[in-house]
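Order of writing sets the labels: A, B, C and D. Residues in every chain begin at 1.
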Amino acid sequence: MRKRLTKWRLLSLFAALTLVLAGCGEPFLSTLQPAGEVADMQYDLMVLSTLIMVVVIAVVTVIFIYVVVKFRRRKGEENNIPVQVEGNHKLEIIWTVIPILLLLVLTVPVVSATFKLADVDAIEDKNRKPEDAIVVNVRANLYWWEFEYADYGVVTSQELVVPTDEKVYFNLESNQDEVKHSFWIPSIGGKMDTNVDSNIEKGTNVNQMWLKFDSKRADQAGEYFYGKCAELCGPSHALMDFKVKAISRDEFDQWISEMENSKAVATTDLAKQGEQLFEEKGCISCHAVTPMDERPAAARTAPNLATFGERSTVAGVLKHNEESIRNWLKDPEAYKPANKMTGTYPKLNDEELDALTEYLMGLKVTSN
Amino acid sequence: MANNHNSTNPKVDLVYRRKKNAEEMKHQVITFGMMIFLTIVAFIAVGYDGIGEWFKVPFIITLAVIQVIFQLYYFMHMSHKGHEMSALFLFSGVFVAALTVLAFTTIIWW
Amino acid sequence: MSTLTQKKGVGAVLWDYLTTVDHKKIAILYLIAGGFFFLVGGLEALLIRIQLAIPNNDFVSAGVYNEILTMHGTTMIFLAAMPLLFALMNAVVPLQIGARDVAFPFLNSLGFWLFFFGGVFLNLSWFLGGAPDAGWTSYASLAIQSEGHGVDFYLLGLQVSGLGTLIAGINFLATIINMRAPGMTYMRMPLFTWTTFVASALILFAFPALTVGLALLMFDRLFGTAFFDAGLGGNTVIYEHLFWIFGHPEVYILVLPAFGIFSDILPVFSRKRLFGYSSMVFATVLIGFLGFMVWAHHMFTTGLGPIANAIFAVATMAIAVPTGIKIFNWLFTIWGGSIKFTSPMLWSVAFIPSFVMGGVTGVMLAAAAADYQYHDTYFVVAHFHYVIVGGVVFSLFAGTVYWWPKMFGKMLNEFLNKVTFVLFFIGFHLTFFIQHFLGLWGMPRRIFTFLPGQGLDMANFVSTVGAFFMAAATIILLINIIYTSIKGEKVGDDPWGDGRTLEWAVASPPAEYNFKQTPLVRGLDALWVEKMAGNKGMTPAEPLGDIHMPNGSILPFIMSLGLFVASFGLLYREDYGWAFPLIIVGFIITFGAMFFRSIIDDHGYHIHKEDLLKEEKGGKA
Amino acid sequence: MANVEDKLTAENFPASPEKATLEGKNKFTGFWLFLGGETVLFASLFATFLALRESSAGGATTQELFDIPLTFAATMLLLTSSLTSVYAMYHMKNFNFGKMQLWMIITVLLGLGFLILEIYEFNHYVHHFEFTITSSALGSAFYTLVGTHGMHVAFGLLWITTLIVRNARRGLSLYNAPKYYVASLYWHFIDVVWVFIFTIVYLMGMVG
């Protein structure tokens, strides 16, 4: 047993080490393994700037090593007084001009990329049809994410679903009595804050951005990309993760139509019991179980659970299995400190937990 | 250092200084008159409906700036020598101030 | 008055320090207080690193982690780095310009005590219901939602200590403008004096923005105003701007004096005058100037729009140019020199490549479109620790060791110094280099834990190991200080042998009046000029005469205490009945002390010529 | 260096008494530096006000609140007090202590008048428009900016009054001349700020 453990450790150590050496991190999370046009652009900027910086560092280091080695005070030089050089205009001009040139090389693509990334005219386009450009309303809430496909009236939580190989547009919102969060999918593109009092319905203060998901590289990265909250928002800021599923346009269209037509149905007896509990215990007052949630955005105070049975996580961070669900329902505080579900419903006994778990696990949208 | 007057006869010097001070005071009163005038113009411009609205804001701000320059250079003696450092630091402050106001009236997000 | 250093009782010494207006003693106060806060901030850093050593660690809870993180950043910046720099400035700058004193000895002391009480107030939060937990930036939306009094401690504590900083800044400016010795023109001032000058100017113009930002947030939290309450038309982005209008200049307030320290040390130990003195001065001023035009680079992802982002990106990158000028000037200062690797010199040369690494990542961050990826990740954490630790902390170590004999009359043990250096240098790179990659691999900053399986485990562990090297180094320095104060031998005026600037022309430690006769300055590196001319010391610019000295006073301490008391009242205004009277009591103490200060004439006293002569004959060997 | 204890007469009184001693010179320099900082302080408040000047959250707007005669009266009081403090400095240079004190007293009275008007104005807003510091972001920004200025006025009044009373029986010296001078600089600065307040807050607020 002991031996196996050390072996296993050694192995993971090696695995980690190769990763460090490869220097690229995990494909579903790392900015160094870009999987979309935005991340590509940013990656190119990173590479370009890194190259420039390496040149700068190399020049400094070479001079540095030379002077430090060459001009040491050696034995017998204790009374040497070197020449007191005042300066040298030619040199000074050189090291003023060359950095300026290097910076110019950097500024041009930076400015151009900055403007390109800000091009979200498609959202505002009056004649836009839902198929032309997918627009997702992202709502950040204390420690969970909601994604609304307003064109279709579909709402989902924790897992963003997007079509590949086309621009997807995002409106970023956070309610006025909320705190600021930041929406980030590292391997797809940089982040953008969800400022307080951004309100899509009122059209105020909403940040907008676009991303593109590359189909090939999405396949290589695995089923999901990881998304994160990148702005300190309270104790569970570290746990405010979400997942992104990038699928082909056809699959996406199918998914949307399944979402549009889905109804929560409990099949087994236990699940039916769970469904009832879900109402009795007041879960339903916060959580919707169908994707077509008609309540106004501000009233949707908890993750939509319509697709919960198909998720890869519970509450964004726990493994998706029955034990996790039971644990979560028993004591959410233990898993996500200061979350907004703790203490809002009566204590649940073991049977109730079983029933609810069964019910929740059965909440699925896709046919397979 | 205390004796800044170079003249050998302090009495003559005193008369001269008195005269100079009085003259300066006259300038100050004139300055004051101008400031009052500028103020009245600004108030009238705002109270008067005939003038184009777009014109009012830049106009009254210009008046305010002129008036403040009077304050600084005459009332606060910045026109006198020995105020190089005062001017340097005041204008550095004004520079930061201008940047701040500019930013808050343009890029603060709505 | 106490000219002679007699043996005094503890009480007398304590009273002496509580009432002192002598810049050299205030320097020691800053050194002790700043050093203490550095240990506190370092301890918090260790807790951070322990928590992040392995995934899913539960060494501290999420809420407590946020408190530690906030207090680490706040303590290090406001209560450790800046005060420690003030310690060196107070100890050295008046000497460097040949002054007997600072322009406002009384305010100098007031500045210290305000800082001190503000810092104590802030740290008392640990024992009074929890520390602030909204990050050192304390962004409005989170800070307003934050429960308990943590953030109130932050706001009031920083307000009080910020006032002290502002006063200190004005004092240094006026000192340098008015108190220079004859012949000490601006273009003959040592670089440390120059950088103190520019950094103080930055303090003067940056801190008011912080004062306003903190005040507005405080009003929102304590009195229910609506600056940042979106429901009533407020806007939290205003706070971000105000904070960074202060916050960016702040980082140059830290690093410019550091540059000055290195600019003074490098010539001494390579026995060569500073290469390109005038361009160094120019670069310092330019950095200060540009420092005010780049703040929004901390807000690229706030959504200011591409025009603002592009402008601020380009402006930010421009700062690389004057900084580069400095780097190359330093390299060419040692080029052709005769380098002696004392420990201050080791810190100084090690600074050059370390800081460049941090600086160039700064330029990478300035690339707005790419910053959307870096922002709020460990890449940023790596950047700023490289510049702050590799620049500022290195300079603090270098400067402290370098000027220690001047401040205390004893030399720290060089062997132990070098051990400290080696351990710290290794630990520093070990800790922070790998954090660049953590950021790029997708690790956000300010997270209390991370999950396994995201490829972050190993690098975080390495980073933690590095922190312990730095801790070991710091402990060895502490041992060195204790050892030296017991065993160290007294040293003369110029213990390093190659001193170039005026502080090395007076005794170690200097007499309370610094210069018996104000020196006549005949060039850059005033003392070196005299040495090269074959003179033994400085030529006096005036005959020996009575020396005017300011009186000590307890009022600065009392004024600061009053604000400290009033702060508690404000904090607990709604919780306890005694709080409101406490506000009034506090303000009465402060304003009362101010009132007394203004109605009691204080003409100081004179040290008479005869006593000076007597001392010369008898007192000293 | 001029000795502080020297007997002063109109003849030997220096032309720039505020800078005749090193202490005076330091005070003079330091105070100007302080004003540079104050500029940024007020700029931050102005900037905040400008960003929030339309955020009335359904409550009273600037157009509804402000009223020209009141602001004009306040402005005149403060501007005039600036002139009277110039008179005081004029008499200081002429070593005429009595007149200097007199003009300083007039300055204080005018300043007091300004402050009373301001208090009346705030009171009016609170009671007639229910416009308070907590009622909207505009209210917060308005009261904080104008109130900070008002606090400066109040502090200046206390300061100058203390000076007048404390030195009433001692006459003018090189020890207190810089204090008077600096106090009058402060007073002018308050006036400078007010010029921007009446322009940017009140006049621009009326224009809309």
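The rule is short, and it goes like this: a residue touches a chain if its C-beta (ideal position, glycine included) is under 8 Å from a C-beta of that chain, and two chains touch if they have at least 3 such contacts.
If you're wondering where the values come from, they're calculated on a predicted model, not measured in any experiment.
Ranked by separation of Cα centres from chain D, the top chain is A.
When the interfaces B-D and B-C are ranked by C-beta pairs in contact, the top one is B-D. Among the chains, the centre nearest to the mean of all shown protein C-alpha atoms is found for C. The distance from the centre of chain A to the centre of chain B, with each centre set as the mean of the Cα atoms, comes to 54 Å.
Per-chain Cα centroids separate chain B from chain D by 14 Å.
With each centre defined as the average position of its C-alpha atoms, the distance from chain B to chain C rounds to 37 Å. With centres defined as mean CA coordinates, chain D is found 53 Å away from chain A. Among the residues of chain C, those touching two or more other chains are numbered 173, 177, 204-205, 209, 231, 235, 237-238, 245, 302-303, 305. The residues of chain D that reach two or more other chains are 29, 33, 36-38, 40, 44, 48, 51, listed in rising order. For chain B, the set of residues touching two or more other chains reads 85, 89, 92-93, 96, 100, 103-104, 108-109. Here chain C touches chain D in the complex through residues 103-104, 107, 166, 170-171, 173-174, 177-179, 204-209, 211-213, 215-216, 219-220, 223-227, 229, 231-235, 238, 242, 245, 595, 598-599, 601, 603, going by the rule given at the top.
Within the complex formed with chain C, the chain D residues making contact are 4, 22, 25-26, 29-30, 33-34, 36-38, 40-41, 44-45, 48, 51-52, 54-57, 133-141, 144, 159, 162-163, 166, 175. Contacts from chain B toward chain D in the complex involve residues 1-5, 10-11, 13-14, 17-18, 21, 24-25, 28-29, 32, 35-36, 39, 42-43, 46-47, 53, 56-57, 60-61, 63-64, 67-68, 71-72, 75-76, 82-83, 85-86, 89-90, 92-94, 96-98, 100-101, 103-105, 108.
Here chain C touches chain B in the complex through residues 173, 177, 201, 204-205, 209, 235, 237-238, 241, 245, 292-293, 296, 302-305, 308, going by the rule given at the top. Touching chain C in their complex are the following residues of chain B: 85, 89, 92-93, 95-96, 99-100, 103-104, 106-109.
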